[in-house]
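Think of it as A, B, C and D in the order they're written, each chain with its own count starting at 1.
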Amino acid sequence: MKPLSLIRRRESFLGVVILVLILAVGLITPEFLSAGSLLGAFNDTSILIILALGQMLVIVTRCIDLSVAANVALTGMVVAMLNASYPFIAVPWLLLLAMTLGALLGMINGLLVWRLGVPAIVVTLGTMSIYRGAVFLLSHGAWVNAHQMSAGFIEFPRTTIAWLPVMSWIALTVVLVFFLLTRYWRFGRDFFSAGGNPTAAFYTGIDVGWVQFRAFVISGLLAGLCGYLWVSRYAVAYVDVANGFELQVVAACVIGGVSIMGGIGTVVGCVLGALFLGVINNALPVIGVSPFWQMAISGAVIIVAVIANSRAERRKGRVILRTPTLNMARG
Amino acid sequence: MQRDQAVLSLRNLTKTFPGVKALDGVKLDLYPGEVTALVGENGAGKSTLVKTITGIYQPDGGDIYVCGQPVVIQTPEQARQLGITVIHQETVLFDELSVAENIFAGNYLTKGLLKRLDWPQMYQRSGEILAQIDAPIDPQTPLKELSIAQKHMVAIARALSVDARVVILDEPTAALSYHEIEELYRIIERLKQSSKAVMFITHKFDEIFAVADRYVVYRDGSFVGEGLISNVREEELVEMMVARSIKDTYPKQTVDIGAPVMEVENFCHPSEFTNISFDVHAGEILGFYGLVGSGRTEVMQALYGLSKAATGRIMIDGSQTRFHSPAEAIAAGLVYVPEERQQQGVVLNLPIFQNISLPQLSRLNRWGFLNEQSEYELAREYGERLNVKAASWSQEVGNLSGGNQQKVVIGKWLATQPKVIILDEPTKGIDIASKAAVHRFMSELVAEGLAVIMVSSELPEILGMADRIIVMHEGVMVKHFHRSEANAQKIVSAATGGKAA
Amino acid sequence: MDQVMKHHPVPDSLSTPVRRYLFRWEIFLLLVIAMVFILNSLASPYFLDPWNLSDATFNFTEKALIALPMAMLIICREIDLSVASTMALASVCMGLAAQAGFGTETLVGIALLVGLLCGLFNGLVVTGFGIPSIVVTIGTMSLYRGITYVILGDSAFTEYPDGFEYFGQGYVVWVFSFEFILFLGLALVFYVLLHHTNFGRRTYAIGHNPVAALYSGIQVNRHKVILFMLVGMLSGLASILLTSRLGSTRPSIAIGWELSIVTMVVLGGVSIAGGAGSMTGVVLAVLLMGLVTFGLGLLNVPGIVMTIIIGAMLISVISVPVVLNKLKQRRKVR
Amino acid sequence: ENVRIALVVKALGIGFFEAANKGAQEAAKELGDVEVIYTGPTSTTAEGQIEVISSLIAQKVDAIAVSANDQDALVPILQRAQKRGIKVISWDSGVAPAGRSIHLNPSSNELIGRMNVKLAADALKAKGESKGEWAILSASPTATNQNIWIEEMKKAAPEFPQLTLVDTVYGDDLADKSYREAVALIRNHPDLDVIVAPTTVGILAAAQAVSDQNLIGKVYVTGLGLPSELAGHVESGAIHSFAIWNPIDLGYSATYIAYNLVKGKATKSEVGMGRMGTAKLDKDGNAAMSDPFVYDVTNVKEFASIF
C-alpha cells in the first residue's frame, strides 16, 4: 500500500461528503450553487481555515491551543484601537503588528508548555481567560466601530483581485505555504515526528519542547492575522469577538482527520474539515432550517462525521494467512 | 588489525538516576573492524551507557574520547555527527511516517539552497539500503503497516544510512527470528569488513560467540572485566556477569502428565489463523514455535478473548466456553502473560503490589473496598517466590529493571491461581540469571499440576523446556512434535515452511 | 538452587517520592486557601459573615458536584465537555414533566435518568467507535443543547411543584444549605470510591495504561461507560439543584460551565494525561476557586478581571510545583 | 451614610450599558448621598448575574437595579435580597414581578414595535418605492424582549400595507453569525428592501453585510442601535435611519427610582425620576421612561460622541 493511499481515502471521503452536502443544499435552494454564493461561503470560511491550520500543527505535536479565539479578540482589538487612534498607520504595518503580537501571545503559551512542562490544555485554558480579560482591560469594555476605522483598514480584506477577495487569497496562500512546509521542509516534518513519537523524536535529535513551542508561535501568529481579518471583516471590535470559536477550530481539525493523540494530520484534510463546517454554517441559514434546530443539527452532523471518519480510517489488520489449507501432521 | 587506536573510549563514566547509580566509573574501548559484546544482567547499565554515548543522557562525570580526542556529546545530533549510530533496544520509530522518512528523520536529504527535502532521492536511497540488508520493504509504506520484525529491519537500515564509525546494537535480536538474525550476522560481518567499530549488546550467549571479537562485562553499573572472546568460556562470562555460577538454564523436571485441562478445536480467524486445534494437559509445557509474525501471538490473544473475529471452541476442564474478554478468561482459569511487557503486561506507574493484585481485585477485596493488607500479602507471597528484587512492594514497577518487571508480570498471573497459563515470549530481553529463574519457575508450576503454553522464538528454550512442540507457519499449525522426536533442524524446517531444511 | 544469594526481606512500603509529592500538592493548595482566606478577610468587612460565606457556596456547588466524577473520568484519560448541555437537557425534561403535572420525586428521577442516558450515549460512542472523548463530547455538547432549543424554543418553564425549591434554596441546619451538605457528602463518597475501592483502583490503572488494564482482565470499555454515566448522572443532579435554585428552565441554562468544571479539576492536581490526581485536591481546588471569586466579588472586581485572575492562578498553581521540582531535579530525562 | 445602589447590567463591555452607567453617575452626583456600584457578569447569563447579586447581598447594598438576562431565573435570588431588606428594581430588561418592586421599561413595547416597522417604511420611502419586502434579524431566538418586540412589530404591520414581512432570522448576537444570516437573507430574498434588526450587534453586522454585498441603496438596514456604533453606516448610506432611547437617561432614571424606593418616597402608583419627571406605575409596577428617538444623517454625528 502506498503511503498516501490511506490518507487519500480518508480525505476523498470527506471531500465527497462536502460535495454531496453542497448538492443537497443546492436541491433545496438552487441559488446556493451559484459561483458567487460558493465563493462567498469560501471567503466566509477563510478565517476558520487559517486558524484550523495553525491548530493542526499544535494538535499534531500532542498539544491543544484553546486560546486562539481569545488571541483573535486581543490582537483584533489592539489593531482596531491603533487604527482608530492613528489612522495614518498603513494596513501592512498593522497586519505585521497583528501577526507579531499574535505570535507573541502564542509564544507565551509555547514557553509555558516548553520550559515549564505544564500541559497545553491547562496553559491555554488559563491564557484563554487572561487574553480575553486583557481585551476588556485594554478597551474598558468599549467597542471600536466602523466609523472609527480608516477606509483602508476596512477595505483591505474585501478588495477583489482576480474574482476573489484578498481575504480568500490570504487563506489560499496560508494553505499553500502549509502544504509546502509540511511536505518539503524539515521544519514542517518535525511537527509530525515530534508528535508521532516524542521519544523517537528525541532520539533522532529533535527537541520536542522546542517543536511544540514553534507550533504555538505559528498558531498564535495566524490567530493574530485572523484578529485583524475578523475585526476588519465585521468592522467592529469588542470583548466577545470570536467567543467560543476555539471549539469550532478544534472541531474543524478533528473532522479533517487530525488526531488528538498527535502525529497525524494533513493540510488537505484540515482544510476540508474547515470547509465542511463552513458549508454547514452557510447552508443552514440558506435552506431556512428553524433556528431552534440549527444547533442540534450541527451537533449531530459533527458526531456523524467523526464516526464516519473513524470508520474510514480504521486500518485493516495485517493478513498472515496465505495458505488456508490444513496440513497438520499429528505426531 | 589496528588494535592500538580505539575509535571510541570511555573512561570513568558515571551516571546516576534518583536512587540508582546506573553507571559507576565504567570504561569501554571500541576498536575499528572489531565487534565488542557488552554483557551484563538486566539493569547492569548497558542501555544507559548507550544513551549516554549518544547524547540522550548527560553523564554526571567521566570522559568520552573519539579517536583519542576528548568530546562532549550533548545531543543525539552531535553523536551522529561524530559518526556514532545506534539501534536502540526499544524500536524508536515513527508509526505514522513512511519507511523512507523513518530512515532519514532528523537527517533528511535535501537539495537546493532552500534545503528542500529531496523525496525521490530519499526513496531511492532507502530502497537501496533495505535491499542491501535483504529486507524487501517498499520505502513508501507507512511504518505502522509493517510487522515488528520488519520494523527492526527499518531501524537497522536507519542506523546504516549514516556513514558511521561506530555502530551500536542494543539487543537487536530480541524481536528477530531465525532468518533475520542470520541476516544481521551478515550485516555485522560487512560492517567489520569496512572497519567500523561495532558494539553488540545481547543476552544470548550463542550470539556472542558467533559474532563478537571482544567482550566487556558490567555488573550493577560497574566495570567487571574485558578481553578477547577467544580466551573465554561461556561459564566464565556468566560468572563475571552475575558473580556466581548458573548451573542449568533449562531445568526441565520430569513431571507426570495428567488429564487434558484445555482443549481447543477448530479455532479460526478470517485473516490471521485457521484451524487451530490442540489440547494441553495438566503438568505439561506445550511449546509454540514459529518465526516472528507466524501468528502465534494472534492465536493466544484470540484464546484470551481479545479478538472479536475469532471462532471456534475452547473446553476448559471439560466445560465448553468462548471468551469475549480477558476478564472471562481469567475467571475460567486461563491467563496470558503478554509479549509486550511494558505496554500490555504491567502498569508502570503503579506500585508492585497493586500490579499483582490488579486481576483479582474483586476476589481480594470484599464488597469492593480496598484492603491493602491482603494486597501486600499477595505481593509478598508471589514476589518472594519469584525473587523480585525491589526496594519495597510499593515501589513503582517502572523503576525496576526489565527482568524484575517480567517477574512481576508472571507473579501477577500466578497469583490468580490459574489452570492454564500462556507465556508469550516469557524470557524476551531478560538476562541469563532471570531466565533461569523463569524456567525453574515454569518447572515448578507444571509440577504443581498447572498446564503451561509457552510461545517462544528461541530454539534452545523451546527444545529445553517443552514437552510437546507445535510449529506454526503463516497462521497454520504445520507440525506437532513430541519432546523426544524434536530437534533444531526439524523445527526450523517446519517453521520456514520447509524451505530452510 | 538460588539460595546462594539470601535476600533481605522486602518491606511493604517506603515513603515514596510520589507519595510525598501528592502530600505536598494538597498542603500547597491548603496554604494557598489559607492565604486567600486571610487576604479576603482583610480586604472586605463582609467576608467573615457565616451567612455570606454560605451564600457564596451556592455559586460553585453545582459545578463542584460535577467536578467530582469528572476528576475520575479525567484520571481515566477521558473528558466530558457536554456536561453543561446535559444539565440543560435534564432541566428541560424536568420542566416538561413538571408541566405534565408530575411530582417532585418523579422530576428528580427524570433528571438523573436523562443525565445517565446522556452519559451513556457519550460513553457508547467513545468506546464503541474508539473516538477520543474530547471530540465526541464537543459534538454532543451542541447536540444536547440543540435538543433543548428544539423542545423549548424561546419559552421557559417556570412552574415547578411545591417543595421543589428546597433542593437549590433550602437549608439543612443553620447556614448549611442542602446543596452544600449534599456536596460534602458526595465528596466523601467519591473520595472513598476513588481511593478506597476496586473501582477507583481500576480507574487509576486504566488511566496509566489502558492496554495493560485490559489484559489484566479489567473491562476497560465498560468501566469508561460507567464513568461517563456517573458524570452524566451527577450532571443531572446538578441540574436539579440549579433548576431549583433558578426556579425556572431555559435552554441557555448553565451555558459555558464545562470549562469551569474542567478548570476546577485541573487546578485540583488531576493530570490531564490521566492516571494521577486525588479527590482531596479537587475539593480543595473547588473551595479555592469559590473563595477567590467570592472575595473578588465583594470588592466588585469585574467578572472578566476575575477570569484573568483565575486563569493566572490556574497556570501558576500548576506550574509552581513543576518549577520547584525542576529546580530540585536539575535535569529531567525522558 | 451614603445610599449604595448597585446597577447590575446584562454583561460588562456593552456600549449601551456603559452609557447607562454614565447616567447613573450623573444621578448620583445630583443626589449627593449616593454611591453607584456598576457591575455585571462576563457574559450574558443568568447564573453570572446571580453570582454578582449574591455578592451585592453580602455587601448589604441598599438597592439593586438590574437589567436581567432571564426574567424568571433571577427571581429567587432577588427575593432573597428583598428579604434581607434590599430594594430591587429592574430596568431595560425586566424581572418577573415577584422578584422586584418596580420595572422601568425604556419605552412601551408597543411603541418600540411600531417604531421599528415605521423605520422600515421610512427606509422604503427613502428608496422611493411604494411597495417592498422587509425581514427581521433578531438576537438569539430565546431573547425575551426581542421576541416581545417582534410580536409587537407583527401587530403593527397591518398599519403599513406597503410592507411585506418575508422572514425572521436569528444571529445570536454574534457578529459572524448575524453577518451570515444577513447575507443569507439577501440571497434568499432577492427583492428584499429593508432588514430590521432590533439589536445592536445584529444591526451592525447587517449594515456591514449590505455594504459588502454592494447593495447600499438597494437594501436598507434599520432597527435599534447606538449612534456611536452606527454613525459610519449612516454615513455610508447602508442605514437610512434607526432608533434608540437614551441609555444615559435610562441609567439616570433607574438610579433615581432606586433611590426614592430606599428613601420611601415611592407610592404604589408613581415614583420620581429627577429631571426625567415622574413615572406612572401600573398594577404590576411597570413604568415606561420615554419614547425612542430617531437618528439619521442629520443628527447621528452629534450623538455619536455621547453614547
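What we mean here is this: a residue touches a chain if its C-beta (ideal position, glycine included) is under 8 Å from a C-beta of that chain, and two chains touch if they have at least 3 such contacts.
As the structure is a computational prediction, the values presented were derived from the model and not from experiment.
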Check every other chain and keep only those touching both chain B and chain D; list them.
A, C
So, comparing C-alpha centroids, which chain is the farthest one from chain D?
B
Between the pairs A-D and A-B, the one where more C-beta pairs touch:
A-B
Intercentroid distance (Cα basis), chain D paired with chain A, Å
36
Separation of mean Cα positions, chain C and chain B [Å, integer]:
42
What is the distance in Å between the mean C-alpha positions of chain A and chain C?
29
Tell me, which residues of chain A touch at least two other chains?
136, 199, 202, 239, 291-292
For chain D, residues contacting two or more additional chains:
12-13, 43, 141
Would you please write down the residue numbers of chain C that are in contact with two or more other chains?
149, 153, 256, 302, 304, 307
What are all the chain pairs that meet the touch criterion?
A-B, A-C, A-D, B-C, C-D
Please give the residue numbers of chain D that touch chain A in the complex, ascending.
12-15, 18, 43, 141, 167, 169-170, 174-176, 179-181, 183-185, 187-188, 204-205, 207-208, 212, 228-233, 235, 304
In the complex, chain B touches chain C at residues 17-18, 56-58, 244, 247-248, 251, 304, 306, 325-327, 329-331, 336, 338, 343-351, 353-354, 358-359, 361-362, 365, 368-370, 376, 380, 383-384, 387-396, 412, 437, 440
Sites on chain D touched by chain C in the complex:
12-13, 37, 39-43, 45-48, 50-52, 54-55, 57-60, 70-73, 75-76, 96, 140-144, 147
Name, in rising order, each residue of chain A that touches chain D in their complex.
29, 31-32, 37, 40, 44, 136, 139, 141-143, 145-149, 158, 230, 233-236, 238-243, 281-282, 285-286, 288, 291-292
Which residues of chain B touch chain A once you look at their complex with the stated criterion?
54-56, 75-77, 80, 86, 88, 92-98, 101, 105-108, 110, 114-117, 138, 140-142, 144-145, 147, 269, 271-275, 277, 293-295, 298, 474-482, 485
